[in-house]
Amino acid sequence: MATDGILKVKNIETLYGLIMAIRGVSLEVQEGQIVCILGANGAGKTTILKTIMGLLEDQPDKGTIEFMGKRIDGKDAEEIVHLGISYVPEGREVFPELSVEENLKMGAYTRKDPKGVKEDYNRVISHFPILAERKSQWAGTLSGGEQQMLAIGRALMARPKLLMLDEPSLGLSPILVHEIFRIIKTINGEGTTILLVEQNAKMALKISDYGFVLENGRIVAANTPKILLEDEDVKEFYLGIRSEESVKGYQRWKRKKRWR
Amino acid sequence: MDMKRDYYEDIELFKSTTILICSILFLIFLAVLPWLIEKYHPLGMSIYIVNLITVHALVAIGLNILVGYTGQISMGHAGFFAIGAFTTVIFVLNWSFPLWIALPIAGFVSSGFGFILGLPALRLKGPYLAIATLGFGMTITTIIKHMEFFGGRMGLQAPKLHLFGAPMKDIHYYYMIMVIAVLMVIGATKLIKTRVGRAFIAIRDSDIAAEAMGVNLTYYKTLAFAVSAFYTGIGGGLYAFILGFINPESFHLIMSITFLAMVVVGGLGSIMGSIAGAALMTYLDIKLQAIQDIPVIGAALLNFSQKYMSVGGISNIAVIVYGLIMILIVLFEPLGIFGFWIRTKKYWKTWPF
Amino acid sequence: MFGQLIVSGLAVGACYALLALAMVIIYKTSEVLNFAQGEMAMVSTFVAFTILDAYHVPFLWAASLTFLFAILLGIFFEIVFLRQAKDPTVLGLIIITLGFEMILMGFAGWKWGPDQRSFPFPVSNVETYDIGGLLISKINFWTIVISVVLMFILFLFFRYTKLGIAMRATQQNPLAARVMGIRTKWILSFTWAISSIVGAAAGMLIAALGVLDPPMMMDPLLKGFASGVLGGMTSLPGTAVGGAILGIIENLFGGYISLAFKSVVAFAIIVLVLCIKPSGLLAKHYVKKV
Amino acid sequence: MIKRVSVFLCVAILSTFLLSTQSSAQKVRGVTDTEILIGQWGPQTGPAAPWGAVARGTDLLVKIINEEGGIHGRKFKYFLRDDSYQPAKTKAIAKEFVEQIGVFAVVGGVGVACGMTARDYLMENKVPWCGPVTGVYEWITPIQKYLFAIYPLYDDEAFNLTGYLHEKLGYKKIAMFYQNDDYGKQGVMGVERYLLKKKISLVAKVSAEVTDRDLSTHALKLKNSGAEAVIMWTMPTHAALILAETAKIGFKPQWATSNTLSDSALMMQITKGLWAGMINSFFGELPDSNHPLMVKYREWHKKLAPQERWGVFYYAGIIFAEPFFEGVRRAGRNLTPETWISAMETLKNWQGIGPPISYSKPNHPMDRQGGKHVFYGKVKPDGNIQRLTDWMQITK
């Protein structure tokens, strides 16, 4: 790996009470890339993002997180946003009783340059024209896809250097998923580094420059999408492609074992 | 934990012989308690205070069925308490019913009002329910105050009860109240464990989900109000007799709040917790006022009070301490005294480790 | 008589609305029903009284110092008590505020004693303005003005300023608010400070209307709470409407039907209104998905 | 850490309670060779707390008597308990007095409901009770052997006050403003009793709930009645509120009120001067009176309790306790409830700083009603009182 990563996570451990959710994860995101983290339910994907974002109190328990050469572990979410990381939480989490416009305004909460905010507002609108139509509607009344767009747009309003997306495809129709991923790619093309957490491995790997596979709080595989796509385990567990000759159960057990 | 192999095993009252023996020992303890108290006055207790605690415990259990098990807030239970008290006294005084008939009647009258209050509660939540119940409590006392039938503003003198021709004393009231209380506690424990209780808990956790699973919300919510009001009404009836004189002014909002505090301090969703909460809060309420009589501290406080505060204000420390205890228990032991008990039990079970 | 009843109803409604405003601000951002609001206002008013009594400074000076005290009191309560509660229930929070109410009540009784006092206020509570034959006392008039102005300022604040929107955002989704870089803890303290100031203003007006003593806020607080609920508990214009309706109905009921039940008619109306519109008159409520 | 400290504190407080309880066993409850124990409850906290000054006033009298060497070689030990005006607490306090402390007698005690919960219990246990601080018939009907009432009856007082307004001052249209509780209701009863006798009726009868803080409608009703005189039977807060509200709408009748509001210094202050002109009845000497006993008490007050305000409620605590001590004095060294009662029954027009007190053997309820006199005064604009009458009997 190159050493000029915009985000460097070194050996972090995160506890939920007494349960260790992340057991020593290291990853690195290069500037301008799309990096995805794959993993099953409960593997700890969201926890990693939350830990990076400083949303979990007194976490990470161990390890360091560096963003653009600065230690950010142990800092408050507010400060981290200020440094240039934006986070789109799982399940959209828009402000239901604020209008779409107010939601976007909140995205730029930490910024003090009205002119730049205006520019970004126009940029977001150009990505998601539907939001302009729904400008004064309560965000809670939008459809799932529109809410997802709003959540991404809202995160972009902070003009982040790094955008972290948590399961943007969750609960959306296939057409909308395509649309969302297309927009993610466009945003990346405009110079925003993206860290993506997904269960939809196929779509995620298609647009990513690098991928990590997470299981039980550990990174079990890390490589470029091309290599990952050819990995037998990834194929079987995340893409649903099963080798014809495998014996049910036995194969599964054996594969898992190899990862550990 | 023992395994439950059968549904009936779960609703059985005495789960094992140990518990049976403990229960019998506890009943014996209750039976000899008045003698102990009369002789030694431990902690400055008197039988009267124990009676008051028992009555409050009934109310707290009733309120807990509503608040702790069904998740509906009520800030108007002093209203049901007043209904119970006045109904009992009226029936005994004006129509010379014997107490053992008047008391259940009071309970049912009160639960009728509970049913009525339960109807708007079907649609209300949070602050909206709080204000509706609060208004109910205040309206009831105002109505009572304005009807000469209820003694008007002067209040009513509860008739003296007689036992074998002699007027009943605190100790007689104690046994009467205790028998009723034990029966009602058993009733509440049973109720919670049956289908009705599970429906209540389902409503507390999520009423929409409960409805989706086929729990009839209208029925169970109003039932919860009615049951809760029944317990409170019976409590009120007994209260009238241990006090001897009832006046609508004394069933005010602060009383409703004290009941809520008992439930929360004792532990939401725990019958035993309610009893403990009622005991603690009633005891503190009565005894904290003698704060200046505590050796050493009392004199120092009095001195401080007269130097820096107002001259007669020292009793207010009791109010402050009472409020502080309410806050501290909610902050540090969200499950109340019941939570404290569970932790102690756990600690001793795993003691050497 | 009818006109006069309406006018005095509006005047008393304005007091209710001010207290409701203070409660609604807190409910809007943190969903806490603050039953200590009245006592916070009462203690603040006593502080104003003490400053005026001891130092004879101009009223505005004393009021400013009192507002400063109110800010500290609000923040103190938020940080020392409420924030310490770990995943509290709605009821638990209510009990905390009730406990704080008792502490303040006890403190006021301890420090200032139970005697009634007259609160020196620059506007007379007896002199009146004559508006087309209807008499309104100067203090009532100014109470209405102050309530309306405060309400309007706060409405604009919540509607159009970044901080105001952030406060609403914090209530609706604290996690997302943090992700936006909003300092939610700071926002909560700020909310308590504002609400405490509004409450202190209401307390001083109510004391000036009558007398100053520790239980003076019990009735106004309940009525304020009632108007807040009537208006919808999250809506600022709602508090104004709720307060006015409550004040007028109370007075008309007292004037034409029965004085005896005047003080509880408010609650009957509320129950009726809530049965028809469960979230109050002016609240649009977004139904959370289960 | 905080948790541990608070747990420790709780345990400490509870255990001090445990240690502080005492019990005593003598021949006569509460009387030893050197000491007499007496008790009183009174609201020191809560909405009724202004009345708590009464119980502290009694404390002053006890201290004065002890400083002067006690009575017949015995000094007094006084227990003051706060019941917050809640009957349930009052009864607990009464039980504590009898069962745990063992008092000889109860002196004073504010509140009808509070006192009524304790009355039967005290009577059954033969505890002498002197001077409950409310003037209602409940204390004397049915006649209680051990209960000696002092406070002039509200009902009779209102009857007499209406008579004074009607006959002496010639007011025809009289209205009533009262507080909706036992106290206010007794006032209405008295006023209506008088007017019924004269075959006229009240032009308006306006009541306020105890918790009301908005009296504008009440004021309008009073104004619309066109009353020339209004009798007020309320607590200080409502008095201040109604005076302000009526002044607002330009209604200025002759006001008259009961002795409960006879603390004109306080009333002048909280009404911002509107109290001037009030016709007031009084059950005790005026605060600045030159009565020798008042002078003496004021001197002791300066010495023993200078922080207390010398208000009417405060020295009412002396008024309601004076006859008790006179009874103890007359009972002599052999003090039992019975000797005390016989001594009390010898009081005939005995006067301290309150009304003349007379008792006799209990044949008629009024034989246990000590105070039967009040006097009237008018509040001058400077807050002082112009005495209108001398002590005059108000009962039939």
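Order of writing sets the labels: A, B, C and D. Residues in every chain begin at 1.
Here is the rule we go by: a residue touches a chain if its C-beta (ideal position, glycine included) is under 8 Å from a C-beta of that chain, and two chains touch if they have at least 3 such contacts.
Keep in mind that what you see is a predicted model, and the values were worked out from it rather than measured.
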Using C-alpha centroids, which chain lies at the maximum separation from chain C? A
If you count the C-beta pairs in contact for each pair of chains, which pair comes out on top? B-C
Counting only Cα atoms for the centres, state how far chain B is from chain D in Å. 34
Taking each chain's centre as the mean position of its Cα atoms, how many Å separate chain A from chain B? 52
So, what's the distance in Å between the C-alpha centres of chain C and chain A? 44
Among all residues of chain B, those touching at least two other chains are 142, 310-314, 316, 318-319, 325
Touching two or more other chains - residues of chain A: none
Which residues belonging to chain C are in contact with no fewer than two other chains? 106, 109, 114, 218, 260, 263
Kindly provide every pair of chains that touch. A-C, B-C, B-D, C-D
So in the complex, which bits of chain B are touching chain D? 38, 41-44, 46, 48-49, 52, 142, 145, 152-155, 157, 160, 167, 170, 239, 243-247, 249-250, 254, 285-287, 289-290, 293-295, 297, 306, 310-316, 318-319, 325, 328, 332
Per the contact definition, I'd like the list of chain C residues that touch chain B in the complex. 27, 31, 33, 81, 84-92, 94-96, 98-103, 105-107, 109-114, 218, 222, 225-226, 228-229, 233, 260-261, 263-264, 266-268, 270-271, 274-275, 278-280, 290
Which residues of chain B touch chain C once you look at their complex with the stated criterion? 67, 73, 120, 123-128, 130-132, 134-136, 138-139, 142, 146, 206, 208-209, 253, 257, 260-261, 264-265, 268, 305, 309-314, 316-320, 322-327, 330-331, 334
Flag every residue of chain D that touches chain C in the complex, lowest number first. 44-47, 49-50, 52, 180, 206-209, 211-214, 216-218, 220-221, 224, 236-237, 240-241, 244, 247-250, 266, 269-272, 274, 309, 311
Hey, which residues of chain C end up touching chain A in the complex? 162, 165-166, 168-169, 172-173, 175-183, 284, 286, 288
